[in-house]
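What follows is a pair of complexes built around chain A, which joins chain B in one and chain C in the other.
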Partner chain A sequence: MKEVYRLRFLARIGVVVMVAVAFWLVVALFIPTFHAPQCPEWDGQLYTIRHQDLRDNNPLYTNLLLTSVKRNDGWLVLGTSETNARPNGNYYDFLNTDTALRCGFSVIAGAGRTACTYFPLIQSNENVRGLKVLFFLNPSYGCGKLAYSNEDYFSRYVSSAIYREANRPVNEDVDRILQANLPKLNCGVRVGEWLACHTDRLRRKYSQDLSFSLDPSKFGETLTWFDSAMISRLPDSCARPDSSRYNYALNVGASFDVHSYTLWPHPESSYRADELRTMIRLCKVRGVDIVFIAGPYNEIAYRKVYPQDLPDIQQVSAEMLKVLDEEGAAYIDCTDLSAEPGVFADWQHHTSYGAYRIYQKIRDYVLEKENR
Partner chain B sequence: MLFTDYVLFFEILLFTLLFAGCRSLFRKEGLNHILLLGGNVLILTHIVSPKSLFLLFIVALLAYGAGLLLRKRHSGILLSITLTLLILFFAVRNYPLVQSWLGSWWTDTLGKHFLSVEKIGLSYILFRIIHWLVESYRGTLRTRNFLAYVNYLFFFPTFMAGPIDTLNNFHYWMSHTHVRLNVRRMLAGVGRIFYGAVKTLLVVPLIKPYAVDYQMLIPTFGPWGAVCSAALLYSFYIYIDFSGYCDIAIGMGGMLGVRVPENFNRPYLSDNISEFWKRWHITFSTFLRIYVFKPVIALLNRTFLREYRMVVSVTAYMVTFLVCGLWHGSTLNFVFWGLWHGLGLSVYKLFTHNRMPKTPTLVRKISATLFTFLFVTVGWVFFNYPVDKLLIMLKLLF
Partner chain C sequence: MFWKRKIVKVLVVVAVFALVLLLLMHRVEGDISCLYTTF
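Showing the complex of A and B:
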C-alpha cells in the first residue's frame, strides 16, 4: 500500500493522467458534431430548455427550441421571476390551455433574466429570424439594486466569454449600448470564464456529441416537450383569491409581510431603459417579432404602505411605456392591473388570478393578431 | 475543496505552471516568494472575501511583530499575552456562546469587524501563527523573512484544512533554489492530485449520504443495523474525504516545489488508540502534543501532582482532547468526542503503564486493531451527530 505513495509510482500515475488528458483532448477534435435528427416524433414544440444550455448558448438545444417554436407557429415567452411556474397556473399555462389559440407558448424564465441575458442568443443564432416572442417587463427591475447592472444575475445566466464571442457588430447605436450593458467583470473572472467556456465545449464533445451519436434516444430524454397531462389539469379560468387567504387591504397574500420589502424605486437610473431600448433595436435588426408585456406594479400596497414612493414607481412604469412608444415596439399594456385587487401575491409577483387577468389581455392581442 | 469552480481550477492550474516555470528559470528566493504571494492572494480571494483576507493579514502582521519581539527579548509574559489574545480572537469569532458573553456593545462596535472574518481556514492560520510565536520565543526558527512568513501562513494548497506545516520545512523547500522542480516531482504532484480527486469526487459521493444520516438505512437494516452501518460508513467517509483533500493539498504543494508533510498513515490499522493518534491527522496531533500536551505536563509537574505520574498523564490527555474537541466544533457533541478519546488514551496509558511491550501474536494484533477501529468508530458517532440527534438515536435503539 505504501508503495503507491512513493514518488516514482506517483510520477508514473502522473504520466498516465497527463497522457489520458492529452488523449482526451486529441480525440475530442475528431468527434463529429451531433445534430438533432429529423423525425416525426420531434416535430412538436419544445416547452423549454435547460438553464445551462441557454447559458452556454448550446446550439443543439437553442436551435431545436427556436426551430420547433417557429415550425409550430408558436410563441416563445421570456420573463423574470414572475414568469416562473405557479401552483395554479401562470399566464402562459392559461394560454396553452386555451383551445381558441391554435399555438403553443414555450417558456424561459428566471429571476433576473432580463433583456441583457438574451443578447448572445439573439445576436448569434440565425434561427431567431421570424421568431415570435412575448417578453414580460416587470417594473420591479426599476427598483433597488435591480435598477442597475447586476453582476450576480448576469453571471448566473450569461457567460461573459459567450457574450463577447456572440457580440458581433450590429449597428453603431446598438453596439454602444451593448458595451455599456456588460457588467464590469474583473480580468481574472473573464479569463476564467473564457477557459471554462472552452472546456465545456470540449466536455460536450463527449457528453453530448459522442454520447448522442451512439444512442440518439438519450438525446430525446433530455428534451422537455409540452406535457399534455399537466395542461389538462389546469383550470380554464381563475377566480379572485379567497379572502381568508388574501389580504385585500394591502393586495398581497395573507402570509406575506409587506414590511420585508427593500426594493425602493429608482426612477433616476437609466440602465433598464437603455437595456430595453437595446433589446428592441436588436430584435428589429435580427428580425425577431417581439411583443412586450408591460407588467403591473402593486399600486394598492404602495398607496397604503409607502405612499411617498408611489410617484417613483409610477415614474418607473411610465418610463418603460415611454421607451416602448418611442421605439415603436409592440406591447400589451397590463399596467392597468396595478390597482386591481387580488392580482398580487407580494410586491412584485402576481397571483394565479393576476396571471389569469394578464392571460386575458394577451389572448385578445394574439387573437387579434391572428385575425389580422 | 479547492476545485470549487472552473475559474478557480484554471487559475490554480495556470498559476502552478507559471510558478513552476519561474522557479526553474530564476533561482532567486525573493522573486519566488513575491510570485507565490501574488498567487496566494489571487486564489484565496476566490475562497474568502478580500475584506476577510485583509483582516487576517492585519492579524498576521501584528503576530509577525510580536514574533520578532519574542525572538529578541525572550519574554514569557509577552508570549502569554499574544497567545491569549489570539485564542480570544479565535473564540470570539467561532463560538456564539463567547459572543453572547460579550454582549451587544461588542457586536455593535468591534464585533462586526471580527464577525466579517470568514471561518474558512481560520483555525489553521491560528495554528501557524501559534507555531510562529512559540518557536520565535524558543529561537528554533531558521528564518524571519516576512515574505516567507506570509506565504507560510497563506499558502493556498494548505490554507483551508492543512496539513499544518512548520515554517522551517516550508522555508527549506522554498529556499532550496538548487533543487530544480524536476519533471518527476511535478508528475508525482499530478498523480497525488489524481488520487485525491478519485477519493473526494468519486468515492465520497457514493458513501456520504448513508454515512452522515443513519435514517436512510433504517428501511433496509432496521434501527440497530442502520446505526451500526452508518457509523462504519462514517469512519470510512471521514477518512477518505479528509485524506483525499490532503492528497490534493500535498500534490499541489509538490507541484509548487514545497513538500507538504503527510497527514495520514493508514490510521485504521493502528492496534491501539495511542498509535491511532500518531497516524491520524498527524500534523494536528503533533501540534497538540507540542503546544498543548507537553506544556500541560510541564505545568502539572511543577505542582504537588508530580508525585502522581498517572494523574498528571490522565489530566494532560483529558485537557488536550477537550481542546481538540472544542477546536473541531462549538457544540456539546464535539466535547463528548474529545473526552471519549481522552478517556480512551487514559485507559490505554493505565493498562500499559510500567509494562514491557510484548511481541503480539497475529490474533492479538488483529483483535487489537479491530477493537481500536470500533472504539474510533463509536467516537465518530459523537462527532457526526449533535446531542439532540444522539438522544433521538438512543431512544430509537433502547
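Showing the complex of A and C:
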C-alpha cells in the first residue's frame, strides 16, 4: 500500500511537472521579443558573439553584431583556426591597435569554420547587405580530410534545422555544398533536431526575452564589446621569433614535431574551389563587401620534410588564387609569405610574427580602400 | 487536517511551476569548442 502511495505520488508530481512545462511554453507565445536598447552606450561595435548564438541563428545577437559593425564602419574578420586568438596577438589585434586605421575589426573564428558554415547566416539575414568582411583562406583546407566536405565541423557550427529554414528560397549552388556537409540523419533524428530547435526558441522567450526585459543589464553582461579591454590584449612584439624558441630549419616552433601529424595536399579535390566560388557568388547576390585573405602555406617545412608534396601544395594555393581571379573577387595575396622564415608555428598556423606580416598587407589594403 | 493537506498540495503545485519557470529562465553559459578534430 505504501509503495502504491509512493508511485501514485510520484506520478502526480510528474503530471504536475508536464502540465507546468506545457503551461509555460504556451505562455511563452505571449512574451514580447526583447530588442537591444537604442541608446548611446549601445552604439559601440561588438567584438564577437558566441558560436552557439550563430549556430542557433539567434537574431538578438547576430543582428546586433552585424548592425554594430556596419554602424561603426568596421570589418568582420572570419577565419578558421589560424584566426583564433594567439597569446602574442593575431593579425586583427595588430589591426585593432593601429591608430591610422579608424575602424574596428570584429572576429569570428574556429577550426573548420569554412565558408559553408556562414551560408545560412548570409542567406537569411538582411543585415549582411553592405557588411565589410575579411575572410581568411587557409591552403591547409586543400589537404587531407580537410580538402573535402566535413560533417563533423559543419554540424558543430550549423544546426540542420536552422539550415533547412534559412535556405529559402533554395539557392542550388549553396544547397549542393550544404547537402554535402549535412550529416546523413534518419527521420527520427531530424524530427528530434527540429523539436530541439523550436523548444530552444520557446525557452529563449524566458532565458532571453523575459529575463533581459526585466533587467537589461543582464543582456549587457552577455556581450563582448569592442573596447579598451580588447586593445589591452595587445601584441607586444612584431619581431621574428627568438632562435632559442624557434626551429628555423623547418620554419616551425621549437616544440613542434613536424611528424606529429601530416597535411597531404589533395589538389584533385574540387570541393574547396566549389565552396569558395559559391561563397563569392552568394556574397555578390547578398551585397556583402567581402575581401579574401589568401593565406600562406609552410613552404620551407614541405621543402625539407615532404619535398615530393611541394608541387601539390603549390597547386592547391594556385587553384585558390585562380578561383578568386576568375570570379573577380577582391583579395589580399599573402601567399608570398609561404617561404618567409619565422612565419609558421606548425604546418598551417602562423606565429605572431606571421600575424604581423599578414597585418601589414591588410593594413595597406584597407588604407588604400579608405582613400580610394 | 483536510485544509492542511489541501494547502500542502497547492504549495507543491506552486513550487513545481516556479521551479520550471526558474529553469526556463536560466541561460546556458559557455560556447561550442573551436578546437580541431583529427586530420
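Here is the rule we use: the second predicted complex is superposed on the first by the 339 of 372 C-alpha atoms of A that agree within 3 Å, B and C clash if a C-alpha of one lies under 4 Å from a C-alpha of the other, contacts with A are read in each partner's own complex, and residues count from 1 in each chain.
Convention: contacts are C-beta pairs under 8 Å (C-beta built on N, C-alpha and C of every residue); 3 or more make two chains touch, one makes a residue touch a chain.
None of the values given here were measured: they were computed from a predicted structure.
Within the superposed three-chain model, A:Asp152 lies in touch with chain C and out of touch with chain B [touch as defined at top]. Shared-chain residue A:Asn84: touches chain C; no touch with chain B. Look at A:His51: by the touch rule set out above, it reaches chain C but stays clear of chain B. Residue contacts after overlaying the shared chain place A:Ile13 against chain B and chain C alike.
Looking at the shared chain after the overlay, A:Ala330 reaches neither chain B nor chain C.
When the two complexes are overlaid on their common chain A, residue A:Gln208 makes contact with chain C while staying clear of chain B.
For chain A, the partner with contacts to more residues, out of chain B and chain C, is C.
Of the two partner chains placed by superposition, A:Ala254 touches none, neither chain B nor chain C. Chain A residues 13, 16-17 lie at the interface with chain B in one structure and with chain C in the other.
Looking at the complex, you find that chain A touches chain C at residues 13, 16-17, 20-21, 23-24, 28, 50-52, 55, 81, 84, 109-113, 143-146, 152-153, 156-157, 203, 206-208, 210-211, 222, 261-263. Only residues 5-8, 10-11, 42, 184-192, 194-195, 266 of chain B touch chain A when the two sit together in their complex.
Interface of chain C with chain A (complex): residues 12-13, 16-17, 19-21, 24-28, 30-39. On the chain A side of its complex with chain B, the touching residues are 1, 4-5, 7-18, 188-189, 191-193, 195-196, 199.
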